[in-house]
């Protein structure tokens, strides 16, 4: 437990003249739910995109489980153990729910082309399907396996994204606003699922606006503002941190 | 333009209606494959109109006469090959597949004609082509009739005229990179060497569809030739002569498609252009004059070589049907035994073993009024 | 001879440049790559042919009509066919414009047949000789027209309300709405303008390359490549790219072989995409 | 001169009643209430993701509303396209500035006036915009894309003012700006306030907004949770609660 | 799917039973339909499933045709050797074209593929030493098959039909496999696919290679059927025609590709009065399909059924609700 699962150091990303990340440090310990919050434009999405290889960083280290994946392509980063969901739901909308999860298992069923051509993939296919159905059952979507994913209600699409990410068998699951647009009942359901996931040994990095939930579910929280860490600590520490309050609420110009 | 086709269909339709009581039987059908779209559609439209006209004239006289003296309506089935071999193959198969079609004409483009030969041969149907490429009649097919003089005939005429009558020695040859252009070039260069002991100063080919001929014209002028011989199709020829004139070329331009389509495109640039043709409307014999007059009356413009070729072909088929009846086999057998047949273009010899029926050609030269004056005639 | 060839290439290059310009304009305003752009050239040619050659109307009357009609067709096609797919997947947009290309070019073929028709020069007279280079008067007309049009368009985009709207829409459609700009109308008008520019190219080309129904697609491909070489989205790039393609065509035809003209055009395209994918004059949105 | 402030006594200039919006399958807004009277400076505050920008989009008819009603000058806005609303007097400073990067400062300002201000008056308004933002005058010929973030924000504000808006909507003007520029922007906002301009300010920066606003609405999780006089709200712990998830009691 | 079975069964039965009774010409048409169906399927793999536009498939078709034809005519190779070589060579050319496809999509890729097709055709015209130029290649033999003469067109029809069946089977396997899923995922959302561990580059290039190989196979079948090759048969028109077949039949549907090939190839022959207008009509249909029936003609039945069911239930048709951003 001493070495962190994810160790991000000095992560910097510039877009043209704009510095989105200015030397971010974050350590995520194995087996925890780690929250990442910050006001709009503070660099949370850039952080996730950079860590998962969607956009290359300008500099810095991204070490997952001892391997530096900074600047590698997303599929390599995924193979190294990081899976993610997306802020604006990026399911494969035209495909079935089951197929979405099977995509997640892609890497674990061999490349697929060779076996498709040699026509010897019946057994393997059946196995990955079982695994996929298990994952769908975990998030409560087993009964929707054959539905077209784009036709699911919004909340279920969020759950499907989580199941799809889990199908890649990650060590670290990065969730980008998994609760956006959900009602309290749905939120409770997701929180329960998150706890089950952690209990199985998958570490979670949670980026979320629903601060109440973040405060209640996370073990530790990092706060970003202007692409820098401004605070890190337990939920209580964060709520009491003056810098965090200023980042969120702003300052008064004239102290009344 | 299509309106004209529509009108001719309409006329044909009305005529057919008029003759309906007299001839309620199946019409006698012949086929025509031509280039109706794409490059070469110029010729195709002329071919279609001439063939249709010939058929209409027959119908006006009550239809096609059979050996027993009865008459049946006459019908032309037209297909389009777009100047593409694969489309042509489909088109010809369609004609051949229609058992009521007793003979067919086309294709016009050599590159299309060649691959379709074996389809016609398999079906044992008389096929009349206006393609000039040599190999079409040299691979032993028994069903093919070339209704036009061959490259050898008119390239010979052209070479004679250029070297003997005009006294030119520095010839530049340029040709379209298609079967028509290449075949013309091969024959012309061969004849130049064999008959006159000359080699072209420069040879250049271009692609069909090229639009800017400055580079070709530039190369010709730079080589100091006094004759540019162009072997290819009308649009490119017209563009080339324009660019040659623009760049100040003062020599002679000889062209193997210098017909009225070319004239339409080249306009005043056609002045002084020399060209071999299988037939021209200013040919001074009586048959040609009569044809020209009737054509002028009907279409209000000059006929081209293709008008006569296909007009003659239709009439040759009609005459043959009158002798042996509407059957592919009988027609083929009859035509192969027919020594001479007199058409507008000249005297045909259908029994020629290769199928090369006719060797008539003229060389023309456009005068100041852009009239093609016949400067040499061969029969 | 080099300068002779280059000069003559510039004339055809101008036409490519104009088509590319309209093409880029549609791309910038509506994010639509219009495979039917070449057909507006053909429409203008046939309108000019019908009015001038068939009906015998004078050129001063025919030329504006020949530019106006493709502009109207462009406007109409935008309203009917393009607008529903603006913002859709690129494959959908490309497919629709390919369909449009087929429809327009085949309509021309049905009405006029596939054969070429000659069109008289816009200006009569023997070619001029300038510094030993023979320049046909028609080429001068083309080059002058392109210069006038380019200057005119620049003025239009900088000084007129329509030009300002068009530029705002090209830069940011959503924000343009916040300026009170009717974006849909501006896009339709942009289509009309670009079709009109293609129409000018048609009128200029008609005497040089003859009028025929099948010209649209080959012209479009050349202009498309010109636009990519110039830097896709850049107006100046489209102009320079068009001229380059025109000149290159002639030089390759002379010094290498006229058979490989097209091959070289494509090779230059591939080379540019490999070495300098942003084109010669990169476009920043 | 800059802004035409109309004060229709009683009737709010902008009235958002029980607004709900579904966006991409998400119920993004529900029960959003908002009211802006002529001459008022109103702040709409809330944490990110709370639904502030979606509310703005709904006001501009850039998203379809699921239910509720939006009235501008007492007239329902349903079906009126965005550009018409703008021509009717709603000026917008969009989130992220959205200046026309490849056009000069002056051209950007001209575009703001293009559809809304008669040609003759535009130059006078531009002069007053330059008075308000001297830095824009200095950089008048420069491409907007080359300005700093704060300068771009000023340009976006000036551009909206060029249309003489009856109602000025500002979406997160301080976002992504360095503290120095944030102060500057708020100074300008309070200057605007003094002119009795009707303004709806959408801001995450709650405290500064509450300092200068007359009235404020707080939204959390897509609904209006608090509203009242800004001076009352500024010390209300519930505001911080809405942001940081502190217990409400 | 099961609802369609009677229809598919009838179609398969018709494809097996009817051809011997067809006229020479109709038989020729159906043979061409089968060859074009294979071509359209190959395009569908990259465009329909992979979302990558190709307007250069005539180029692969050409390379396949010429390779097999030249090897068998001038080198005397039997079809069973020349055809695999043709496939290998087209696959290699697919590999070359696959790399630009990694970087360029949409209209750029459209132009690059047009360039590829045109270069292939121009080379076949001008590389006379190898291709015989515009004279073309003639006397291409029909494939030898012990006991059965493929010189009969009926027999050749069944031969290409079996080839089509094999390709259909292959495509079904491919589409259902992890590879097919990966390809569809990339079409839907490339970034998301990459984040799920899919190697986007390898998948795209493989798709191009397989697609090219299938097109090359179709080319070999064509060459040995038509027995005469000429560069004119491989113009941009052919690429556009295949593209139309795919769109009209239904992108991303195997049955759609076959239906599209049939409809586009055969209908103009049946509706002769419309012959002059058929390209125009197909153009209009392409536009209508894109605007109103994105699934192509093959989806017409199910779309109509859904509409009718929706009317019966007095519910809105289950078409994904789209946000209107005015």
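Going by the order they are written in, the chains are A, B, C, D and E; count residues from 1 in each one.
Note that a residue touches a chain if its C-beta (ideal position, glycine included) is under 8 Å from a C-beta of that chain, and two chains touch if they have at least 3 such contacts.
Owing to the predicted nature of the structure, the values given are computational and were not obtained by experimental measurement.
Colleague: Count how many hops through touching chains it takes, at the least, to reach subunit C starting from subunit A.
Modeller: Steps on the shortest route: 2.
Colleague: Chain by chain, through touching neighbours only, how many steps does the shortest route from subunit B to subunit C take?
Modeller: Contact-graph shortest path, subunit B to subunit C, evaluates to 1.
Colleague: Computing the C-alpha centre of each chain, which chain sits at the greatest distance from subunit A?
Modeller: B
Colleague: Which pair wins on C-beta contacts, C-E or C-D?
Modeller: Answer by contact count: C-E.
Colleague: Take the average of all CA coordinates in subunit B, do the same for subunit E, and state the distance between these two points in whole angstrom.
Modeller: One centre to the other, that is 37 Å.
Colleague: What whole-Å value do you get for the distance between subunit D and subunit E if each is reduced to the mean of its CA atoms?
Modeller: Measuring from centre to centre gives 54 Å for this pair.
Colleague: Measuring from the mean C-alpha position of subunit A to the mean C-alpha position of subunit E, what distance in angstrom results?
Modeller: 40
Colleague: Between subunit A and subunit B, tell me the centre distance in angstrom, where each centre is the average of that chain's C-alpha atoms.
Modeller: It comes to 74 Å between the two C-alpha centres.
Colleague: Going by the touch rule set out above, which residues of subunit C reach two or more other chains?
Modeller: If we look for residues of subunit C contacting two or more partner chains, we find 109-110, 259, 262.
Colleague: Which residues of subunit E are in contact with two or more other chains?
Modeller: 125-126, 276
Colleague: Residues of subunit B that touch two or more other chains: which are they?
Modeller: 2, 177, 207, in rising order.
Colleague: List the residues on subunit B that touch subunit E in their complex, please.
Modeller: Residues 2, 80, 83-86, 89-90, 93-94, 96-98, 111, 114-115, 118, 123, 177-179, 182, 207.
Colleague: Within their complex, state which residues of subunit C touch subunit B.
Modeller: For this pair, the touching residues of subunit C are 1, 4-5, 8-9, 12, 109-118, 120, 127, 134, 136, 208-210, 212, 214, 218, 249-251, 253-254, 258-259, 261-262.
Colleague: Within the complex, which stretch of subunit C touches subunit D?
Modeller: 161, 164-165, 167-168, 171-172, 174-183, 284-285
Colleague: Given the complex with subunit B, which residues does subunit E contribute to the contact?
Modeller: 23-26, 28-29, 32, 125-126, 133-136, 138, 226-228, 230, 232-233, 235, 237, 269, 275-276
Colleague: Of all residues in subunit C, which touch subunit E in the complex?
Modeller: So the residues of subunit C in touch with subunit E come to 33, 35, 81, 84-85, 89-92, 94-96, 98-103, 106-107, 109-110, 217, 221, 224-225, 228, 232, 257, 259-260, 262-263, 266-267, 269-270, 273, 277.
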